[in-house]
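Each of the next two complexes has subunit A plus one other chain: subunit B in the first, subunit C in the second.
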Partner chain A sequence: MFNESLSVIKLKNILLVTVPDDPGDDMIYELQNKVLSAMEKYESAGLILDISSVNVMDSFFARTISETTQMVTLMGGHTVVAGMQPGVAITAAELGLHLGHALTALDVDSALEMLNHNLANAV
Partner chain B sequence: MTYAASNYITVFDKWDDQKTFFCFTPEDAKRLSDFHPFAEKHVDEVVDGLYAHLLKFEEAQMFLDDAETLRRLKIAQRRYFLELTSGCYEEEYYENRIKVGVTHQRMGIPPRLYMGAYSYYLQLMIPLIYQYLGDDLEKANTTFSAMYKIINLDQELAMSAYIHAVEDVISKQTEEILEMSTPVIQVWEGVVATPIIGTLDSQRAQQFMEHLLEKIVESKSPIALIDITGVPQIDTATAQHLIDTINAVKLLGSKVIITGIRPAIAQTLVHLGINLQGIITKPSMSAGLKVALEMLAVGNTGFNKTN
Partner chain C sequence: MTMDGKQQGELPIISESDIVACRKVIRTLSTNAGFGITDVTRIVTAVSELARNIYVHAECGKMRWNIMHQPGKIGIELIFEDNGQGIADIEQAMQPGFSTVKSMGMGLPGVKRLMDEMRIDSIAGAGSTVTIKKWARAR
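Here is the complex of A and B:
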């Protein structure tokens, strides 16, 4: 099977991850591991998860995001989930899935703004 | 156009059952076709008689006001009359009869006008039947009975088609109202507003939610105002739909402000124990818009906890 790799991009003090379309459970685990190692390496202040290409979100995915958010918080960063599709949001709200302490944003731009604003206020 | 596939009451598959139900037998069909040559001879007399009768009534005159319409109607009526004794009562016959009902509905002719015409038809036919078969009373009676049954069947088809056509109009309107009842308006750059008018049932809630979420993403609006001034009363189901919508909007990364909370609504919400904590609520749309603009100005539209 083609092993699609996931990249964690560092932008100044923020990490950006684009979650691919239809991520499998392995992919989600990989995401968590990669994000946490990057947090350790760069001591980033924020993480943006761009999920705009994700069409289906299951409870495992939601829980992992929620857990990852908590872990990132423990390591000193804020997490923003950006670009959720309307259909995904409806299903998630109806199923009662939630993303824990993750913040949400319409797109990566507003997620960046949000993190910058938050960091400026925190200092 | 075929009506056989529609959900119309007597679908063509059941047409045979329908004939059996009305005791219309192949012998009846045979008797009617025996009568056909005589009917053909008198068709003009019957059709002219029918229209002469109809034209006596002001209500019917409205639909028969010009000579051209009358001429066309008489031709259609002639064909219709001759089909009654054609002896062949299969799909084509069925389709033609259904068309009668649908056409009358479309022209806005009330059923009582053409139901009366059926009755008048029968009245004109009785003397003809007895004139033709006067020597054989038994045969005249059975022919009359066959004629009576086929006219009854015709009426049933026309009525059912009429009702079906009306139902069609109603369901189309319902759809349109549903469509119209959830507008989403962009009131400011970054702010969309949507008034909810009427009760929010599950079907509407679903549509409302989809519509709102799509519009938020399309316009990249960080704030959505939901105005419930037009909601007559709120119950736990409606509140749940609202909460689901608010949660879905939060997942997208926008914020919801509920506006138009009237005193009665506030009372109900508290009495029902519905928790809207963490959601900004305002008594009026203008108060909500003010808050939204302030939030935009500060740039603090984020920090939207998802729970």
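Here is the complex of A and C:
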């Protein structure tokens, strides 16, 4: 029940992580560790967190995303959180959650465009 | 009516994985009770916050759930009990940004916004009980 694993997919110079629907704390920690090691290993310029399957985001999850974003920024990358469900967005706003400096996008396609645009402008 | 007709129950909160277990049970119960997807998300998020509070601040505790029927409406009541230190200052704990541990400090005031009713009973040194309720129109 709790042994779903998380994969970090490398797309050129971008990392893509699809977060499962109801991630436990272990998985959220694993996400942070895997992302940071992959950032170093592949010298990635950006990270997309696809949370379109996620149906609950509490303050612990939001804080970890915010911290991970900060760490990725310190390593020189950009983070885009993509595909938040409407109910999750409503709840997060009511609960007072924020995602720190993470950029947000409607879906993974827009997140990719956003990152490619940012990277092209940075050169 | 829930799927098997059960109207109340309880779950232990001892380990981290119990937080996920509580979320799953309450997602099913509130969906079956007739709550819409946004309210289900609000309820499950509140459960996650309060179950984690118990896991972080107390050694163990439990969540009791209760499906309530009233004329024209159906509700869910969730009671979180722990044997921890208790909340020394409830008024302070309800201030946004207040946190005794590393967090956004949105827990209790945030949960109150997600639910229709919330009540905290706490005796310093003898644990806390947080009761939350949400109502939906009966189908």
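Definition applied: the second predicted complex is superposed on the first by the 121 of 123 C-alpha atoms of A that agree within 3 Å, B and C clash if a C-alpha of one lies under 4 Å from a C-alpha of the other, contacts with A are read in each partner's own complex, and residues count from 1 in each chain.
In this text, contacts are C-beta pairs under 8 Å (C-beta built on N, C-alpha and C of every residue); 3 or more make two chains touch, one makes a residue touch a chain.
Because the structure is predicted, anything quoted here is derived from the model rather than measured.
Asker: Quick check on the superposition: with subunit A as the shared anchor, is it clash or fit for subunit B versus subunit C?
Answerer: Once subunit A is superposed (C-alpha atoms), there is room for both subunit B and subunit C without a clash.
Asker: Which partner chains sit in contact with A:Asp22 here, subunit B, subunit C, both or neither? Use first/second/both/neither.
Answerer: second
Asker: Looking at the overlay, does A:His117 come into contact with subunit B only (first), subunit C only (second), both, or neither?
Answerer: In the superposed model, A:His117 contacts subunit B only, not subunit C.
Asker: Which partner chains sit in contact with A:Ala82 here, subunit B, subunit C, both or neither? Use first/second/both/neither.
Answerer: Touch partner of A:Ala82: subunit B, not subunit C.
Asker: Where does A:Arg63 make contact in the superposed view: on subunit B (first), on subunit C (second), on both, or on neither?
Answerer: Only subunit C is touched by A:Arg63; subunit B is not.
Asker: I want to verify the contact counts: of subunit B and subunit C, which reaches more residues of subunit A?
Answerer: Larger number of subunit A residues touched: B.
Asker: Once the shared chain is lined up, is A:Leu106 touching subunit B (first), subunit C (second), both, or neither of them?
Answerer: In the superposition, A:Leu106 contacts subunit B only.
Asker: A:Glu94 in the overlay: touching subunit B, subunit C, both, or neither? Say first, second, both or neither.
Answerer: Both: A:Glu94 reaches subunit B and subunit C.
Asker: Given the touch rule stated above, what does A:Asn55 touch, subunit B (first), subunit C (second), both, or neither?
Answerer: Only subunit C is touched by A:Asn55; subunit B is not.
Asker: How far apart, in whole Å, are the nearest Cα atoms of subunit B and subunit C in the superposition?
Answerer: Minimum over all C-alpha pairs: 8 Å.
Asker: Considering only the contact definition stated at the top, list the common interface residues of subunit A for subunit B and subunit C.
Answerer: Residues 85-88, 90, 94, 98, which sit in both footprints.
Asker: Help me check something: in the complex, which residues belonging to subunit B touch subunit A?
Answerer: Against subunit A, the touching part of subunit B is residues 206, 209-210, 213-214, 216-217, 220-222, 244-245, 247-254, 299-307.
Asker: Contact residues on subunit C for subunit A in the complex?
Answerer: Interface residues on subunit C, with respect to subunit A: 16-17, 19-20, 23-24, 27, 37-38, 40-42, 44-45, 48-49, 52, 96, 103-104, 106-107, 109-111, 113-114.
Asker: Please output the residues of subunit A touching subunit B within their complex, sorted ascending.
Answerer: It is residues 80-90, 92-94, 98-107, 110-111, 113-114, 117-118 of subunit A that touch subunit B.
Asker: Which stretch or stretches of subunit A touch subunit C in the complex?
Answerer: 2, 22, 24-26, 55-60, 62-63, 85-88, 90-91, 94-98
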